[in-house]
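Each of the two complexes below includes chain A, the first together with chain B, the second together with chain C.
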Partner chain A sequence: MNDIVLPVLWAVLGGAIRVGTPFLFVSLGECLTEQSGRINLGLEGVLVLSSMAAFGGAYLSGSPWIGVMAAMLAGALLAGVHGVLCGLRRVNDIAMGIAVMMLGTGLAFYLGKPLIQPQAPTLAPIMLGSTSSSAQLQAALSINPLFPLGVLIALALAWLLANTRWGLIVRMVGDSADAARAQGLSVNRVRTLATMAGGAIAGLGGASLSLFYPGSWNELLSSGQGLIAIALVIFARWRPLACLWASLLFGGAGALGPALQSVGINGAYYLFNAVPYALTLLILVLACTPYRRLQGAPSELSVQR
Partner chain B sequence: MSLPANAMRLETIGLTKRFGDFVALDGVSIKVQPGTVHALLGENGAGKSTLVKCLSGYHAADAGALILDQREQTLASPTDARRLGIGMVYQHFTVVPGMTVAENLLLATGELPGIVRWPRVRAELAAFMQSTPFQLDLDARPVDLSAGQKQKLEILKQMRLRPRLLILDEPTSVLTPQEADEVLGALRSRAHAGECSIILITHKFREVLAYADEVSVLRRGLHVASAPVSTVTQASLAQQMVGEAVSATLPIERQATPAAPARLVIHDLHAHGDRGTPALQGFSLDVAAGEIVGVAGVSGNGQRELMQALTGQRRILEGSIHVAGTPFRGTRTQNRELAVRSLPEEPLLNACVPEMSLADNLSLRTFDEPAFAHLGWRKPGALRSLAATAIAAFGVRTRGPDEAIRQLSGGNIQRVVLARELSGRADLLLVSNPTFGLDFAATRDIHRRLLEARNAGCAVLLISEDLDELMLLADRIAVISAGRVVLTCPAAGADRQALGAAMGGIPHDYPPPVQLSETEIAA
Partner chain C sequence: MEHKQWNRRQWIQGTGAAGASLLAGAWPLGAQAQSPITIGVIYVGPRDDYGYNQAHAEATAELKKVPGIKVVEEENVPETQAVQKTMQGMISQDGATLLFPTSFGYFDPHMIAIAGKNPNVRFSHCGGLWTAAKHPANTGSYFGYIDEGQYLNGVIAGHMSKSKKIGFIAAKPIPQVLQNINAFTLGARSVDPKITTTVIFTGDWSMPVKEAEATNSLADQGVDVFTMHVDGPKVVVETAAKRGKFVCGYHANQSKLAPAAYLTGAEWNWTSAMNAIIDAARTGKPHPNFIRGGLKAGFIKTSPYGSMVPEAARKNADAVKAKMIAGQFDIFTGELKDNTGKIVIPKGQAFKQTAIELESMNYLVEGVIGKI
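Now for the complex of A and B:
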């Protein structure tokens, strides 16, 4: 019995971090964007474009960290398009987000065509389990170097939003645009900057897709993970630290299929792979009712009004 | 009398403001003495708000001068006004709903430190609040606060800036009489201590007479009169305000209607508010044919949810609604069969399709009935003549039946909805805040229509936050507090103080509704 349960457990735990890291970055990016009162569905496009940019940057420069920089830049720029266009009169952020999502994936496919074949240098894992004799433990504890950065960003975001001038302004803009205007703040400027910063953070998720796991670039890389991460923000009630736990939960769910396969349980491989999607549906059904508003939701979100 | 230290002296000379051809403010000259409470009285559209917006830097006046402490000043922006020590408390809430009281107070200063040292800031805020008459929990969020507490937070935000002139735009419209007394009393003692001067916009005579030192009356943009409060009476103020002698009289006679069985029976109704918190908690009330039952209460005690539950807009968790003995669910079929009609608050939002024409909106209840449709096709001629009749009968001012309804003014939209709801048979009329934001003439017109319906034998449930309206129109008044009826009494001779007490501080362990008899009220 232990021969099956322990390896699966380790694989799920390792998978939670490996698969969950892109979720973490995208949900943190969306969390910041939504705290400023705007929804960016385009983060799915940001994820795909930035993973292409990361791979291209690493391939051309030979350094994976330059690839990470390129991913953040690409994410910020694409999110910036969303931010600026949503500031125009009578532009709906949901519709614009879908357009940006398609623009991002389209651009990535177009620019990324020559990048499908070659190998780029990938990020070296942090080997936490190197002293262990178990190969499974070693595999589970070889951690994406971007993951600790994600944890740091989650902690920093939670602290910044509660304790700094910058965080209070973002939240005020997200909760009452009128109050912010009365203070002489430019609502559009704050939202555009928050959207761009959110895009840069989400770009890190793209980098961890193409430079760590799976560690290559192709057009099916994201398979909707960006959209799942946006749903995660609702589950996390717009709290950065809750985004961390939610991402790990979803990462673990995503790793369940491969983990079972690795110990020889193949029966329902595709069914287990569908667990994150089913979980998303379940969470949204449980979290939302037509009879009340969600606790913790920024009041200015277009879906709240 | 020595000159108070901090309070500002303000004088306007011939202040004029035009919007296109419309003169909102026509040569207004008023004087506010330092350390006093100056009331601005006037009907809707009299120019009160325009005047204070000129004083707080939101509008630039087209002509005239503004003199602060004997120096002429021009205010180019609200920031200018704030710098000179003018603070403004708006009619609508400007607090950030999802952020804590402490965060709101910190944001209000407009000077945020890069990093907030919360322990120190909180200690400072707690000390500041100790020095004011209002106490609020620093960790509470405005979404969970009552309207009265939110209003106190608005005033605290301004006090934190130590203004030299504080302008309040109808600060008591959402407060119970007791809360209003508390807030205004505290503000007046601050003014008399010389800490600031206060301009108080209101339409409540009682507040002017009890709390102001001087009063200025505006009518249609003109400055009608200014006088010390000690020299005026309610009658003289009312006459200056509306320009003719009026008193609170019924527009038409209240006819005796025969005692009738209850047409609407609400029993033990429970429903949640928008955020999933209990809003109606065991609300029970009967309305008989030929009577108006008024539901009084402070905004936010379940009135909105009650109306929504009655009109089928909100799910009922427990309890029952019966109309003429039939369980009522507010469907279109039932509305038609039982002749239930409704006039919800904010009619453009709740009772109209804003982009559709006036004629289409007038026919929303009847467009598929045989008179207006044949084999599924509409009869445009019949619809248009219906609209023309309604426009004439209800005195709707419009460019014609094809005008989109959102183009109409509030009073005219209210008339259109009333025309639709009162055309044909109405056995039960559900009404919520029907005259909110309307001028004197429109209000009186709507009151007349409601009384006519009552006299004709219709049962009327009238939910209103205007106690004077209820005392004027209703046969019986039920007070709603925390989602249930805490007091019912006949409207004739009802005691304002008793009603006010019931509207406010009822402890959590509710006594059963008190049924006051006529003699007790008289006593």
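Now for the complex of A and C:
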């Protein structure tokens, strides 16, 4: 029994971090954006564009950390387009988000053509398990260097939103634009800045994909992970720390299929491969109710009004 | 009354047809045997994916150098209605008279539907199971016996594996993929019958994160030689190399990606197949409907051995390869059991590469850990 349970457990735990890190960054970025009262479906496009930018930056400069910077910049710029355009009158942020998603993926495919073949320097893992004799443990504990950064951002975001004047402004703009205006705040400016900051954070998720795991650029790299991460924010009830646990849960679910097949449990691998998507559906079904607004949801979100 | 009026559309049709017949009449004067031709090549993914699409793109690049051949290409065309639009566009706008839709899912219903509407255009699909009874005569298919290459991969893997566990990352359980998994396993077990192949199906042709995850889980289980059947092997090759494991390539030569881990590989070489089909079209010969070939016909080739492959392994693989080229080697021979213990090929029976039964394979052989 131990031959099966332990390896699967280690693979799922390791996979939770390996596969879950992009989810973490995108959901944190979306969490910040939505706290300011706006939805950015364009983060899927941000994820694809920033992973291309990260790879390109690392390839051209020779340094993966310059790639990480490029990813944040690309993410902030694309999210900025969304932020500015949604500030115009009668622009629907859902429709705009879909347009931004297409713009981001299209740009990434176009600019990323010459980047499919080359190899770029990737981020070196943090080897937590180097003292362990088990190869499985070593593999599970060679941590993506961006993951601790993600945990820090989650903690910082939670603290900032709850305890600082800055966090209060973002939440007020998200909960009641009228109250914010009465305070003399520019709702549009706050939302645009929050959207851009969210884009920069989501850009780190792109860098994690192309510079660490799997560590190369191609056009199907994201395959919808950005959209799953956006759904995660609802599951996490707009709380940054809950985004962390939710991302790990989804990462682990993604690792379950291959892990079970590798130990010879291969009955229903289509089912196991579908676990992340089934989980998303389940969350959305459980989360939606026609009778009241979702607990924790910023009331300015266009889906709430 | 109105039928007596000349309308603009009729006029264009009439003069257009006259012009076309003039042109057609003028052609043979210019080039007697080899008339110029426009061909269209359609890829499901990017042309430079180090894999399936790149193999076709490399052959197409060779064709472009031939005088009289004009090539139009489109990449990232999904296996949906979209490919029908691409095909019709290439025919109507670019004047293509021979199309190479290269992805498995383009065949039925998409290529068949467009072929019915354009009886004067020739279609050559890569990998489809063309049958004269079911499919129009202006369509056809070509493919290579790449399982020969995977068998040789297996022989080398069998020599190199210390843990006696080897791994196969596969996309979907379709016959061609199963044939490769089985050939790889049989090749390795010809060296050491204790070897097992663990297979992981990722579910689709290109799933980079899942492919990396599959490679990692297998490496955790002690698998030390990998191969794959996915569209872009880059992720598997790089991930295996990062874990310090060996890898056998597929589709194209990936040795540049991981020189220290790349043992050998099974590569396509589509130039000769495509040339045969194009020559027939240019000289007006009947459309070759069913083209198949392996190492002997030059449809497939093997990557040069990595420097870590020992002499004994090279000799063994080279000997099998020589037999394959001479036509004296059958990969699937009886008695062959599947991995549930059922006999799938009875004693005394051997399938030649040309055997059509192999193209509908639906089992995994003994020694494979996995399920369809």
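We take it that the second predicted complex is superposed on the first by the 302 of 305 C-alpha atoms of A that agree within 3 Å, B and C clash if a C-alpha of one lies under 4 Å from a C-alpha of the other, contacts with A are read in each partner's own complex, and residues count from 1 in each chain.
Methods note: contacts are C-beta pairs under 8 Å (C-beta built on N, C-alpha and C of every residue); 3 or more make two chains touch, one makes a residue touch a chain.
In this text the structure is predicted, and so the values were computed from the model without any measurement.
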| item | value |
| --- | --- |
| Chain A as common anchor, with chain B and chain C clashing or fitting | fit |
| Which superposed partner A:G296 touches (first chain B, second chain C, both, neither) | first |
| Partner chain in contact with A:L107 - chain B first, chain C second, else both or neither | neither |
| Touched partner set for A:Y270, first chain B, second chain C, both or neither | second |
| Per-residue contact with chain A, leading partner among chain C and chain B | C |
| Contacts of A:L77 with chain B and chain C, given as first, second, both or neither | neither |
| Touched partner set for A:S176, first chain B, second chain C, both or neither | first |
| Touched partner set for A:A11, first chain B, second chain C, both or neither | second |
| Partner chain(s) touched by A:I126 [first = chain B, second = chain C, both, neither] | neither |
| First, second, both or neither for A:V151, with chain B first and chain C second | neither |
| Superposed model, angle subtended at chain A by chain C and chain B (C-alpha, nearest 10 degrees) | 130 |
| Three-chain overlay, closest Cα atoms of chain B and chain C, distance in Å | 35 |
| Chain C partner contacts - residues on chain A that touch it in the complex | 7, 10-11, 14-15, 18-19, 109, 113, 116-117, 119, 135-136, 139-140, 209, 213-216, 218-221, 223, 225, 254-255, 257-259, 261-264, 266-267, 269-270, 273 |
| List of chain C residues in touch with chain A within their complex | 45-46, 48-50, 76, 167, 198-203, 206-214, 216-221, 223, 232, 234-235, 238-239, 242-243, 257, 369-371 |
| Touch list for chain B against partner chain A, complex | 78-79, 94-99, 103, 106-107, 110, 112-116, 118, 272-277, 314-315 |
| Chain B-facing residues of chain A, complex | 163-166, 168-169, 171-172, 175-176, 178-179, 182-184, 289, 291-293, 295-299 |
